[in-house]
């Protein structure tokens, strides 16, 4: 336990000092804040246009935002988590695994009475704590901005859903952290270590959903998961491939938790896929042996 | 052609206000094997980088075989060869491909024959089509020397050439240096910590201390000047710790 | 041989031997081909549904013949172009960054610069090599997707289609070379390699993913569940009148979108290939009239990136101390 806590603490210190995770973090927090601003701007614009349309006698429909759940304004955060959050998690994982290899301090660490699983678990715990703090901050920003946009503080039910959404986000990001850590351990070069998990992320986020739903890549940059084209091979493909696209399952879970009426699916199944992705990654990571971790770094 | 291979006058180099080298006045005759000694951070690599035109001086001047390094850097680059410390190559390329590349950059239009001649001279044949990525430190050093002498430079700069070599590798390198000087008349400028090698290889030495030249003389004169000292190591440490005059 | 050509030749040899780079280019190739197969299969499904519907009509005694779905082969390339836009840009950054990173991480810069090479030959040589490498890669990618469209989509190509493909390929080449040149310049000018990689990745994230996505988010039709006009129950003829009220908002949205060079690449290429319905089957002259600003922006950005790479990849910058 001491090893785990020591490594976790070391991880937090290092993350505070490293620039790439910090820059990505800033981009992420800014985008979530901007997303809220855009939500407010669009809400105001559409409401003004609705008013003018009513006055011109072109419609008698109520304001389209009347029955929309307050959590609807958080939906763009889903895509920022899939884009920026996942990439940030990969970079943090790779950086953490590479740190001791690059500084050549790995032998100083491993020549001490610690086990490799404890060493790696400590990294995972430290990064997990860092991600939890960031997501807590982002949750507060979301809660505050939604309350401002809607003109009323979110109630307990909606607040609980928001917390649940960010908890699921934490699980998704931890899955990508394990991917980054594994890549950092197994790769012989720093560039490879970064690019392999990013390639895997692009397969998971774009290629698999495209095969399963025929959706084009850019349309997948949408908080709402793609709807399959019914008929033919796509039904079968979607059944087989959709559980592998953890990002699409995250969109489904998020949409259901946030009460997005456009999203359908099974929350338990989506949550299961996300938890499984994290669990499998963590198990493979903790099974890494000493020789593997000490692999030489080229360049 | 001048008899002076390297001359520096008031050569200085500062990085962000910190002086790495101060008022270096150095004269090295053609045909010498000069060993530059000094503690870590004394300015040895800075000196080599200045003389090989990789850095520009903050003050002072330098000529290599009579060519001013600032006024005509390309002129200097044509007549020097350089082996950096822990030389690296393009791992995916073979010995021939790496040397062909550097040979062409040095102005050799058809370098293959020359490359084979140099590799033969260095007793490094049979590895032409092997990728450099698979080579040991000693093998890389051979390829490193090869690239440095392909274009028959007048002056060869070696930065810590024995770093990381085993005793046999050190001996082989010594034999090469001595042969290049004897057979080709090459002036050799060498940074090194290995004082035993300096004794066996160099004809003159200089000692840097905190960025300044504390001592320069021929090796023979040095050994004569310190008759009470048992080795060059004792002489070096004596000079190193002497109070500033 | 000039030092530029010597450096370019060596660089191409090195790129050819880099198995990792070949793997990621192979990955892009597989992704773009899959995309065409998926689009063609989707069209096939649509056609099957149409035929089923037609059979049902006939069985019910109807003589109506609804319009059959029409295959425009080049429209099947939409996903492939989007993959080049997103993943191609990322891998172009890696290639450009890598050509300088590997020199900085070894002592090969000293070996190069201690030789009598001309001032810009290192930059020019590496850019030339990247240009040739991307030319080959784009040719292979476009060859593969064209063949896939022909085989899986059972399509034939008219001479005008070939012209469109060549224009699209040339634009893709410029787009990818732009990202490589930018990354090369960043790797040269940054004191630390990690800084260059950070800046390049953040630029990719912002320009390729975030800005276009914000533009999409700001579309009012995407903000309201079920779509704006549907929820307002606006009749089709009145939609224009409603849209006029969004003019200011839309110009902000459009302004944001065009700040991304990726959007320029996408708009021009979609227009050329007829992916955008407005330009489908239109002569290239008409496409040019509507999208010349996108094409010019794209090529200007590529030239500026190349200039940035050349003027920042200097002896002084590359050999300066990083500690």
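Going in written order, the chains are labelled A, B and C, and every chain counts its residues from 1.
The rule we apply is simple: a residue touches a chain if its C-beta (ideal position, glycine included) is under 8 Å from a C-beta of that chain, and two chains touch if they have at least 3 such contacts.
Just so it is clear, the model here is predicted, and its values are computed rather than measured.
Asker: Report which of B-C and A-C is connected by more C-beta pairs in contact.
Answerer: Result of the comparison of B-C and A-C: A-C.
Asker: Averaging the CA atoms per chain, pick out the one whose centre lands closest to the mean of every protein CA shown.
Answerer: The most central chain, going by mean C-alpha position, is C.
Asker: Measuring from the mean C-alpha position of subunit A to the mean C-alpha position of subunit B, what distance in angstrom results?
Answerer: 54
Asker: Provide the C-alpha centroid distance between subunit B and subunit C, rounded to the nearest whole angstrom.
Answerer: About 49 Å separates the centre of subunit B from that of subunit C.
Asker: What whole-number Å value describes the gap between the mean CA coordinates of subunit A and subunit C?
Answerer: It comes to 25 Å between the two C-alpha centres.
Asker: What parts of subunit C, by residue number, touch at least two of the other chains?
Answerer: 102, 105-106, in rising order.
Asker: What does subunit C use to touch subunit B in their complex?
Answerer: 1, 3, 6-7, 9-10, 13-14, 17-18, 102, 105-108, 110-117, 319, 321
Asker: Considering the complex alone, what residue numbers of subunit B touch subunit C?
Answerer: These residues of subunit B touch subunit C: 15, 49, 52-55, 74-75, 77-78, 80, 82, 84-90, 92-93, 97, 101-102, 104-107, 109, 147.
Asker: Sort out for me which residues of subunit C touch subunit A in the complex.
Answerer: Per the stated touch rule, the residues are 20, 24, 27, 31, 34-35, 38-39, 41-42, 44-45, 48-49, 78-79, 82-83, 85-87, 90-91, 94, 97-98, 101-102, 105-106, 194-195, 197-198, 201-202, 205-206, 209-210, 212-214, 216-218, 220, 223-226, 228, 231-235, 238, 241-242, 245-246, 249, 266.
Asker: Under the definition above, what is the set of subunit A residues touching subunit C in their complex?
Answerer: Touching subunit C: residues 19-20, 23-24, 27, 31, 34-35, 38-39, 41-43, 45-46, 48-50, 52-53, 56, 58-61, 64-65, 68, 72, 76, 79, 83-84, 87, 91, 189, 191-192, 194-195, 198-199, 202-203, 206-207, 210-211, 214, 216-218, 221-222, 229, 231-234, 260-262, 299 of subunit A.
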